[in-house]
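Next up, some structures in structure tokens.
Each of the next two complexes has chain A plus one more chain, namely chain B in the first and chain C in the second.
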Partner chain A sequence: MSASIALPAAATLARPRARRRAGNLLPWLLLSPLLLLLAAFTYWPLLHTIYLSVVDVRLFQPDRFVGLDNFTGLFRSPSFAAASWNTVIYIALSLPLKVLLPIPIAVFVWCAGARMASLHRSILFVPTLLSFVVVSIVWIWMLNPVMGMVQSGLRPLGLQMPALLSDAATAIHAIIGISAWKVIGFNALLYLAGLASIPRELIESMRLDGASDWRITRSLLLPLLSPTIYFVAITSVLFTVQQVFTPINIMTGGGPSNATTNLFYLAYEMAFESFNIGFASATALLLFVGLGALAALKAWLLGRRVHYA
Partner chain B sequence: MTVTPITTLGRRAALGASLSTLALPALAQSRTEISFWHYQTANTQALREVLAGFHEAHPEVRVTDVPKDVGTIATEVQAAALARRPPDVGQMLARLTVGLVRNAGAVPLDSGEDRGAFLNNVLPRFREVGIVDGRPFAVPHSFGTPLLYWNKAIFAAAGLDPERAPANWDEVVAMGVQIRERTGRFALFISQGGRDVSQQQMMVNAGATMLSPDLTRATFATPGAIAAMQLWQDMAVTHRIHSTLSEREQNTLWLGGQIGMFVGSVASFQGFLRDTAGRFEFGVAHYPLWKDLPRRVPNSGSALMVFSQNAPRRAAAFKLLAYLMRPEVTSRWSWTSGYLPLAPNPLADASLREYLEREPRWRIPVAQMADTVITARWPGNRVVEIQIVLENMVQALMQGTGPASTLVPRAEAEVTRIIAESR
Partner chain C sequence: MRNVAPLTLTPPWRAIGNIVLFVASLSIVVPLLLVVATSLKPPIEIHGGLPWPQSPTGGNYVEVFDKIPLGLYFWNSAATTALRVGGQLVIALLAAYAFARFEFRGRDVLFALTLGAMMLPHSLTFLPTYLMISWLGWFDSWWGLIVPNLAAPVGVFLLRQHMLAFPRDLLDSAAIDGAGPWRALWLVILPNIQPAMAAIAILLFIDCWNEYFWPLVITESEHAMTVQIGIRRFLDAERGDDLGALMAGVVLVSLPAMAVFLWFQRRILETFVSAGLKG
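Showing the complex of A and B:
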């Protein structure tokens, strides 16, 4: 009898606990496909890259631990020095073009109002839709100093188009300009989305108080747009290094004289053209650490100035 | 029950069909399948015709050809070897053979049943490129040599004889200056495709040797090579006859009929025939001589290597190589693909003689086979870095950032350092 009483009591206690346990597992179950993918394609390759950067991979032989030899060898390479410096240049010169320039464009489109808004947005978005390989090839033709479209426009004026892509002093700037052109429209659309959340009544009330356009921009629009600026700045830093890979590969091959290579392209050359896995992994790891530090620094600097409405 | 002849025939046919279906798997089982990785993407059809001939001659072997990118095929082969799944036969850039022997487990070609007898079908000076530590590990296949192509219309417009090409570099400069002054066009474009090929050709033609015999250090900074590189810089900076545009831009300009002379591989010949048709007529000349030295031009192109680690497949791979090295096959491959014929006496082949009747310009590369020397085979696993050093050396010369007397020895020291540090 006592057993018959005890059983329902245990069952009433066990059921919510089991349900609670099942409830706790459910989120993990739902997340598991994503977690598995992340583990397989992000974290495991990252860990394996760390391993590969400190070993010498040999055919038919076990990997040999070489400590920091791959890193020291890399530091002695002139290609690495050039690629590191160029990486800094790419980031530093791209930021104003990709982060700041889209702001006035977005404000202009926003002020233009709903009329033609779709057309403006479509025009802004077109470069983003184009394949970067196609864009790179088209720009090669356009910038050709003998037969290019730009030269055709300059010729009647008696001007000569400089050989931008084969001059070590200008090639990197040409690539920065083209890669910025590709994303300016997209970033402007992000700013437009940010601007759309700003109530127009606030502007009208500032106008009634006699505020100038500059005052409205500085004191209202930019502070309320700061979360979007923060997002665009972070993503631009992170994506610039890898985004310019395509134009480097298609337009200059890293030259002339290493003038356009960067760490991302160098890692590719080491890994997939030279099969120097140790150096390539060391380069990738340094790039990962460098970009991580830069992103953290920017997050810290900009995060303090971001105003969330 | 009487069996009519028709029924008997039907039963026999059915029996035959059943037997044949039984036999098909048996044939498939006895057939060895091998893979052949190559980068002949522009000549895939011609290559497949050659392979069709092989399948006819050797029904017991089935070759699956896999087109790859020329820039990454060596890496892919090494990665596949590391994963224990290498291709059975790979078409590799000849200058990478030493590294591939050490890093991809290539098999000596004289380890087959016929002890590499098919190698005798290849010109001895061509065979050198595959010898590593005294044994043959690679056999030339799509082999090139540099030539001078010229645009006859631009020559005529500049007041030059459109049928006469420059024979040496001094004439290249003189004619180039005349083209620039009379037509305002670029006179010359030395193709730098392959990164380290064109400078090597110019320096070796000027008497240099790229590597020490033991492959441990670079040796190209000789007075002759420095003078040749200085001439290259002078042509770009002082005489302004050499286009300083990027490789891709220059190719476009040459095909558009905007450049007077093009120095590049014989491998471009068939493409030029197609791409310049109806636009301009081009001539083909030997690689220009340097001063009074005999012509010495490093060959470029690829060699075939065997990576099979399985005995039956390796035997099948050797059969394929033996077929591909038959003189009649190499001759046909030559004029269909645009690469050099490989046989010691290529003119013994009737099909090649017929082609020369139709296309006399092809006599130039065939004759230049006698002037070729082995290309530098960079050792170790840092070949691309060596190539970048040599590429940057030329680009620095073209940008005028320093004289050849500074840039060439600096590049030599850098290449030696990389070789010493690589494995």
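Showing the complex of A and C:
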């Protein structure tokens, strides 16, 4: 199966003429539950966030307009600086693990015999099924320096497991590794779908011309895989910013001393721990501008692929 | 996902490939086997013993229900997941039908807004949604867990694709036989897209069952908490003092998604991959 085949060209089919007249009200009736829900729980909150970011919300008093004070306050706060920097680190260090590492895995699964390929595919998919809560708990235990599983393996060798999660220098890397562990297999499956859609004839004809495996990989597979690579890269950025919330919340709570917090986690903490609605909304909005640009890029890529199909 | 070996790997590369796959698969399987093994260990074997249990026991699986109200958490998760996924499917089916089969003013804009909702990060909208749910009096209730998530744009998107791919001739002959739009939906389209509906249901089920952020924000008491929040609170309360019971809880919480996967293995892989490429 391929990414593009799944989007059929039937979109251009004309609809039955008779239905056009009868369907004046009916489509609105059919759509009304979806539209009401989207209005109430997606688009209204979007507008409300913008409003909340420029006011000071006070108990039992009307909201006070404060202009950009929430934003300037944010820019002066050290935790915002730490969270912004960490967000960049999370993304920059996650991308090679989540985007590049799955490519050779996918190629090797693709080349394996049918039975091995099917076994590896199933195993690679398992972390996708586990909740991030479960993954976090399992890895807290694995990495525990006193009674963790890794430590039990190291002890006979006379080695000591470092306390990765409570050390400000290593905690963020531990979370990056764990969040990669959760998605590498799934991304490999996405690449596998991309590989499976490459026409066999192209490979055969290159081979007849005497091309080596390496040559085929470099000049044919990787270029044809590039839309999938872009796509996985953008998805990984969006995923990384939002999904690391769970391991941060469970494994480190953003610490030690803000070493693992990111912008999403900061927005959550401001909203529900320090009850600073203005700061939380301003943070969410800034995050939105960044992520929204990426989501638009992703939608554009998706649109381009539909035309290729 | 047909599997045909297209590269004739030379022996060293074949070996490297096998090692890479072996290491990748082991890195997934070993931690999970250790979790299951630990959940079967009696208390005296938990610390410092062998990785596998010498005298396996199911005691931890009983104990975890004594330590936390896991049954209640399961009931909350199961009921809210069933209601939410059911609602999502009905709403998405109706909306996809409208988008795929009717022409009306504003259709393309509304479809773009639906796709836009798929792209909008939760991180942006959680605070106003929380304020609204509190204002409605749904904080710490099933309603708060279910209602804000009833719209599933990814479901609308996938079902619309399937309906667009649906053979026109069948619909035309149904119309000639006098079937109105409702009958066409229930009697012609629905039976034919059932595999797609099932696959999307599984996707939404796993999403909902594994969700952490929203239940964390919107629930406060045991009477609304889901399994994910429950197991997390168990972790905080025990901090590793009762590892066997914690791991038993981890296994139990993960079982439903695993069971569904084993049941519908092939279809799930394909649906997740195609949704992953679009969502």
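Convention: the second predicted complex is superposed on the first by the 253 of 309 C-alpha atoms of A that agree within 3 Å, B and C clash if a C-alpha of one lies under 4 Å from a C-alpha of the other, contacts with A are read in each partner's own complex, and residues count from 1 in each chain.
Here is the rule we go by: a residue touches a chain if its C-beta (ideal position, glycine included) is under 8 Å from a C-beta of that chain, and two chains touch if they have at least 3 such contacts.
No experiment lies behind these values; they were computed from the predicted model shown.
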Regarding the shared-chain residue A:Ser166, is it in contact with chain B (first), chain C (second), both, or neither? first
Which superposed partner A:Ser179 touches (first chain B, second chain C, both, neither): neither
More residues of chain A are touched by which chain, chain B or chain C? C
Pick one for A:Phe272: touches chain B only (first), chain C only (second), both, or neither. both
Tell me which partner A:Ser257 touches in the superposition: chain B (first), chain C (second), both or neither. first
Could you look at A:Ile140 and tell me whether it touches chain B, chain C, both or neither (first, second, both, neither)? both
Thinking of the overlay built on chain A, is A:His48 touched by chain B (first), by chain C (second), by both, or by neither? second
After the superposition on A, what does A:Ser84 contact: first (chain B), second (chain C), both or neither? neither
Tell me which partner A:Asp56 touches in the superposition: chain B (first), chain C (second), both or neither. first
Overlap of chain B and chain C contacts on chain A, residues 140-141, 144, 147, 271-272
Within the complex, chain A is touched by chain B residues 71-72, 74-75, 78-79, 81-82, 103-105, 186, 244-249, 252-253, 256, 258, 381-385, 388-389, 391-392, 395-396, 398-399, 401, 414, 417, 421, 423
Spell out the residues on chain A that touch chain B in their complex, using ranges where they run on. 56-60, 73, 76-79, 140-141, 144-147, 163, 165-168, 251-258, 269-276, 279
Interfacial residue positions of chain A with respect to chain C in the complex: 1, 3, 6-8, 10-11, 13, 15-16, 18-20, 22-24, 26-28, 30-31, 33-35, 37-38, 40-46, 48-49, 52, 104-105, 107-114, 116-134, 137-142, 144, 147, 149, 152, 181, 184-186, 188-190, 192-193, 196, 198, 200, 203, 207, 213, 216-217, 228, 231, 235, 238, 241-242, 245-246, 249-250, 263-264, 267-268, 271-272, 277, 280-281, 284-285, 287-288, 291-292, 295-296, 298-299, 302
Across the complex, what residues on chain C touch chain A? 1-10, 13-14, 17-18, 20-21, 24-25, 27-29, 31-32, 34-35, 47-48, 51, 90-92, 94-95, 97-99, 101-104, 107, 110, 113-115, 117, 119-132, 147-151, 153, 156, 161, 164-166, 168, 171-172, 175, 180-181, 206, 209-213, 216-217, 228, 231-232, 235, 240, 243, 246-247, 250, 253-254, 257-258, 261, 265, 268-270, 272-274, 276-278
